[in-house]
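What follows is a set of structures for review.
You will see two complexes here that share chain A, one where it goes with chain B and one where it goes with chain C.
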Partner chain A sequence: MYGLIGKILRVNLTEGKITEEEIPEELVRKYLGGRGLASRYLFNEVKPGVDPLAPENKLIFMSGLLTGTQYPSASRYSVVAKSPLTGLWGQASSGGYWGVDLKKSGFDGIIFEGISQTPVYLVIDNGKAELRDAQELWGKNVFETTEILKEKLGKKFNIACIGQAGERLVKYASIMNDKHRAAGRCGFGAVMGSKNLKAIGVSGTEEIKIADEEGFKNLSEKLFNLLDESILRFGMGEFGTNMVLDMVNIVGGFPTRNWQTGVCPFVDEINGTALKDKLSPSPKGCFACPVKCGRMSEIRQGPYAGQKGEGPEYESVGTFGGMCYVDNLEAITYAHFLCNDYGLDTISCGSTIAFTMECFEKGILTKEDYDGFEINFGDAEKMVNLVHKIAKREGIGDLLAEGTKRMAEKLGQGSERFAMQVKGLELPAYDSRAAKITGLAFATANRGGCHIDAYVQGATFIQVPYTLIEDSQIEDVHKENPKEAKVVKDLQDVFADVDSLGICKFMCLALRAEDLSESIAQITGLQFSVEDLRKTGERIYNLERAFNIREGLTRAHDTLPKRLLEEPLPEGIAEGQVNNLKILLDPYYEFRSWDKITGKPTPEKLKELGLEDVIEQIYASE
Partner chain B sequence: MGKEAEPYEKNEAYEDWKKAFGKKYDELVEQRLDGEPTPYILFSPEWAKKFEEEIQRSAKYQKLAKGWKGSVVLQILAKPEIGFENDLYLFIDIFNGDCYSVRLVPKEVGETGDYIIEGEYDRWKKIITGELDVMVGLMTGKLKLAKREKLSMIVKYAFAAKELVVSAVRTKSSYPDELTPEELEKFKAMFKDLKEFGI
Partner chain C sequence: MIKVKVFLSLRKIFGQKEISSEAENIEELLRKLVKQYDGLEDALFKDSKQNELRPGIIILVNGRHIKWPPAISTPLKEGDEVAIFPYICGG
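Take a look at the complex of A and B:
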């Protein structure tokens, strides 16, 4: 098979049985690889109503169609499963080198099913796979686990693993690879922990076959040259992802004090320039990356001096900094390092701590509730302390380990108003009241409160219209323009493609749709037009939606926290703005051909996308 | 929001050039504003004056650019067939949301600008006609940012930078590559007059 290796591993952890399966070519044509292919397997194999932490849930790792090739940023793999945080379809993606090494090991993906009686890890060495005992690794965090396994297996092995947070089933535990890179969102570290699966070590030399090698090489070189001259490379290379902090704050959309305002008074203490000055980071890139937005940093002063690691990324600074109102970059960085080591999603973790701070501020939580523990906005030391407690489920940490949605359900007293999540997934550091179309993207994202499902911030907060879709111009970010609902739909579709190809979304600020469709044609040898690309993305997106519908999702779930709908931003350029979602949701459903009452994709739409088998599954009860 | 306004930092090279040539340059612009047919030709001195007025009229720009420091220079790469024998440098003297002037300047002055955006004429034309978004141009390398060490300000004020371009788009323009042969000859002759200002 061209592009993909053409094989997956199926690992039944209950029986300790490993089998190989070929990937039908038809599935590649329809779902490409990565997220799309994994979602198809998940839809077929996980029945509705399954507990995400039960043996019946499947945990699927899948490299992208382009992963491991010389195409710019072709490093990524996806993890897909039913999410313990949302109870819906979930996906997380990660870069680094692990996804490439998985493919080189001889398999495009792995489907884990069942639950092992005792802790195990999987080793794949050039097409041979075996499960090994992981009892000595259980209880260890990510960095140590990685080092032990590299020592034991050899340096050529690349490790993906969980830390203590995943073992203790923290609902937003992440899976980490290359030590510092995270498949962070949706809580798949907990799914891995529930299966008693500690790690996966991969190594190999399998080559990826490319149908039109010359054409693919030329296209990749052309794109590398383009990116070489791009402001994206200079900006990200210079400041990392934290370069956007100033842009978001200046338009009044940097969530501060758990989204009580969008203007942070101490941005100069935590922005890209501050990070560069205080942590002297050195750039670090993923496989085949021309941009190198990663940073290797060292904390140089204060109580955390000497700690080293990768990051912090913008989202970590946004959640631990802005949302928690902490102006201490060293504490933010250390909290981020801890999350990486424990295996925690920094967005959900920081956001949950910010929510907790507001609960204390409002008296919903008091120090009598948890052995005298109390935390206020801006308390850097206690914020760091809470990361430990969450990962270990100690004291109040056990409550926070459930995420903001479940916390609000338990605490009540109106706290759901400021539990900043959608469908259970905590929102990222972009206040949608300052760029309205972002609210629609958050509300409708298949995995919940997600910023990269549509990555519409590119066209709003970052002011770069995409050339990946026909039109992504946003006339006025403060106005809900029904026509612009199509921008969200089109971006969601094309980014489903991007995740299935295994490339980085940041590159897509500079790429055209043709750059993707041509690469697919060249690598697979199939005829593949821009129209095919659009339809493929739409097919994947509708399949994921159908999974969620089967789980009971309705239009009512496509919404935002009340704070965004009802509380105007109090200051800044976006002062007075709230999200009026209704104006955008109906036209969005129309562009999608989804039923405006039930939220279901219409049978006609599913048929058009070649998803006939899905029709009876989501209309079965009618 | 941006920082509190700091004192206006004058560009010495630009100030020196203005002292030497500013008055005569402005007189030439006044004459051409009266004498040349409208819309003025893109990147002519009179077009630059109109661009300056558009920026000054933009309340949105003033709001978004509070805190901005440093001059912006648009560098239009030479294209002799339309009269640009050498690279053109359009100096936009802005600070903290205010626009003080927009003038063509000599290379040695242009190169002292804080932020220099370089591009071929055809690409600038596409931006002015709205066919190419300036940020897309920068993302895809169609426009290049010199002095990359000063990137942080451009990034921080992306909305303001874009509004600056919107002011250029609003400036009514005719285009040197669309002139009749007679008009083009006249346009080319103008650059001979500009030589006395070092341009």
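Take a look at the complex of A and C:
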């Protein structure tokens, strides 16, 4: 097979049985690889109503169609499963080198099913796979687990693993690879923990076959050079992802004090410039990346001095800094490092702590709930303390480990208004009241409150036009313009392609749709046009939606926290703004050909996308 | 007076986070600043004719983006706040 290796591993953890399967060519044509291909397996194999932490849930790792090639940024793999945080379709993607090494090991992906009786880890060495006892690793965190396995297996092995948070089934536990890289969102560390699967070590020398080697090489080199000379490299290379913070704050959309306002007074203490000055980071890139937005940092002063790690990224600064109102960059960085070591999603973790701070502020939680302490906005020391408690499910940490949606359901007293989540997934650090269609993207994202499902803030907060879709121009970010619902739909579709190809979404601020479709044609040898690309993305997006519909999702779930819908931003350029979703949802459903009452993709749309088998599954009960 | 805030690598050129200036519009402001600060012309403009801004330059007036590519004729008035970014992406 061209592009993909053409094989997946199926690992039944209950029986300890490993089998190999060929990937049908038809699936590659329709779903590419990575997210799309894994989602097809999930839809076929996980029946509705399954408990995400039960043996019946499947945990699917899948490298992208381009992963491991010289195409710029082709480093990524996806994890797809039913999410314990949302109870819906979930996906998380990660870069680094692990996805590349998975493919080199001789398999595009792995499907884990069942639950092992005792802790195990999987080793794949050049096409040979075996499960090994992981009891000595259980209880250890990510950095130590990675070091022990590299020592045991050899340095050529690359490790993906969980820390204590995944073992203790924290609902937003992440899976970590390359020590510091996270498949962070949706709580797949907990799914891995529920299966008693501690780690996956991969190594190999399998080569990827390319149908048009010359054409693919030329295109990849051309794009690499384009990106190497682009503003992406100069900006991201010097300041990393946190460079966006000042901009988000100036437009009044930097969530501060758990989204009570969109303007933070101490941004100069925590922005990209501060990070560069205080932590002196050195750039660290993923496989085949010309931009290198990652950075190794060291905390140089204060109680956490000497701690080293990768990051922090903008989202960690946004949640632990803005949302928790902490102006201490060293504490923010340490909380971020701890998340990586315990294996926790920094967005959900920071957001949950910010929610907890507001619960204390409003008297919904009291000292009796927290060992005689209280935590106020801005309390850096207790914020760090809560990260430990969450990962270990100690005391109040056991409550926080469930995420904001479940916390609000338990605490009541109106706390659901300011539990900043959509479908159970905590929202990222962009206040959609300051850029309206961002709210539509949050409300409709298949995996819940997500900023990179549509990555629409490129068009809204930054206002850089995408060349990936026909039109991404936003006339006025403060107005809900029904026509602009199409921007969200088009971006969601094309980024489903991007996740399936295994490339980085940041590159897509500079790439054209043709750059993707041509690469697919060249690597697979198939005829593949821009129109095919758009249809493929739409197919994947509708399949994921159908999974959610089958789980009981309706239009009522496509919404935002009441704070965003009803509480106007109190200051800044976006003062007085709220999200009025009603104006955008109907046109969005029309652009999608989804039923405006039920939220289901219409049978006609599913047929058009070649998803005939899905029709009977989501219309069966009617 | 117009308040001008600069970010990221532009802060090296300005040596500070913000300055005050006077100008009728963005074009006049930028031309004035270029004369005042060494290295700014190269950071902002494609060439010495100063007709075209470098790709990636983002300018906001009072927290609102001026349209892409930046409309440098955008008028300014007393008390306006101009933010200039050399490039932005991420998050």
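Note that in this section the second predicted complex is superposed on the first by the 621 of 622 C-alpha atoms of A that agree within 3 Å, B and C clash if a C-alpha of one lies under 4 Å from a C-alpha of the other, contacts with A are read in each partner's own complex, and residues count from 1 in each chain.
Here is the rule we use: a residue touches a chain if its C-beta (ideal position, glycine included) is under 8 Å from a C-beta of that chain, and two chains touch if they have at least 3 such contacts.
It should be emphasised that the depicted structure is a prediction, and the values quoted were computed from it without experimental measurement.
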| item | value |
| --- | --- |
| Chain C versus chain B on the shared chain A, clash or fit after superposition | clash |
| First, second, both or neither for A:D341, with chain B first and chain C second | neither |
| Chain B versus chain C as contact partner of A:T467, first or second or both or neither | first |
| First (chain B), second (chain C), both or neither touched by A:E167 | neither |
| First, second, both or neither for A:E229, with chain B first and chain C second | first |
| Partner chain in contact with A:N242 - chain B first, chain C second, else both or neither | second |
| Partner chain in contact with A:I250 - chain B first, chain C second, else both or neither | both |
| Chain B versus chain C as contact partner of A:Y314, first or second or both or neither | second |
| Overlap of chain C and chain B interfaces on chain A (superposed complexes) | 231-232, 234-235, 238-239, 243-244, 246-247, 250-252, 268, 272-273, 462-465, 509, 572-573 |
| Touching residues on chain A, where the partner in the complex is chain C | 231-232, 234-236, 238-244, 246-248, 250-252, 268, 272-273, 293, 314-315, 318, 428-430, 451, 457-458, 461-465, 477, 506, 509, 572-574 |
| Of all residues in chain B, those that touch chain A in their complex | 1-3, 63-64, 67, 133, 135-136, 138-141, 144-145, 148, 151-152, 154-159, 162 |
| Interfacial residue positions of chain A with respect to chain B in the complex | 225-232, 234-235, 238-239, 243-244, 246-247, 249-252, 263, 268, 272-273, 462-465, 467, 473, 509-510, 572-573 |
| Complex contact set, residues of chain C against chain A | 5, 7-9, 11, 17, 54-56, 58, 60, 62-65, 67-68, 83, 85-91 |
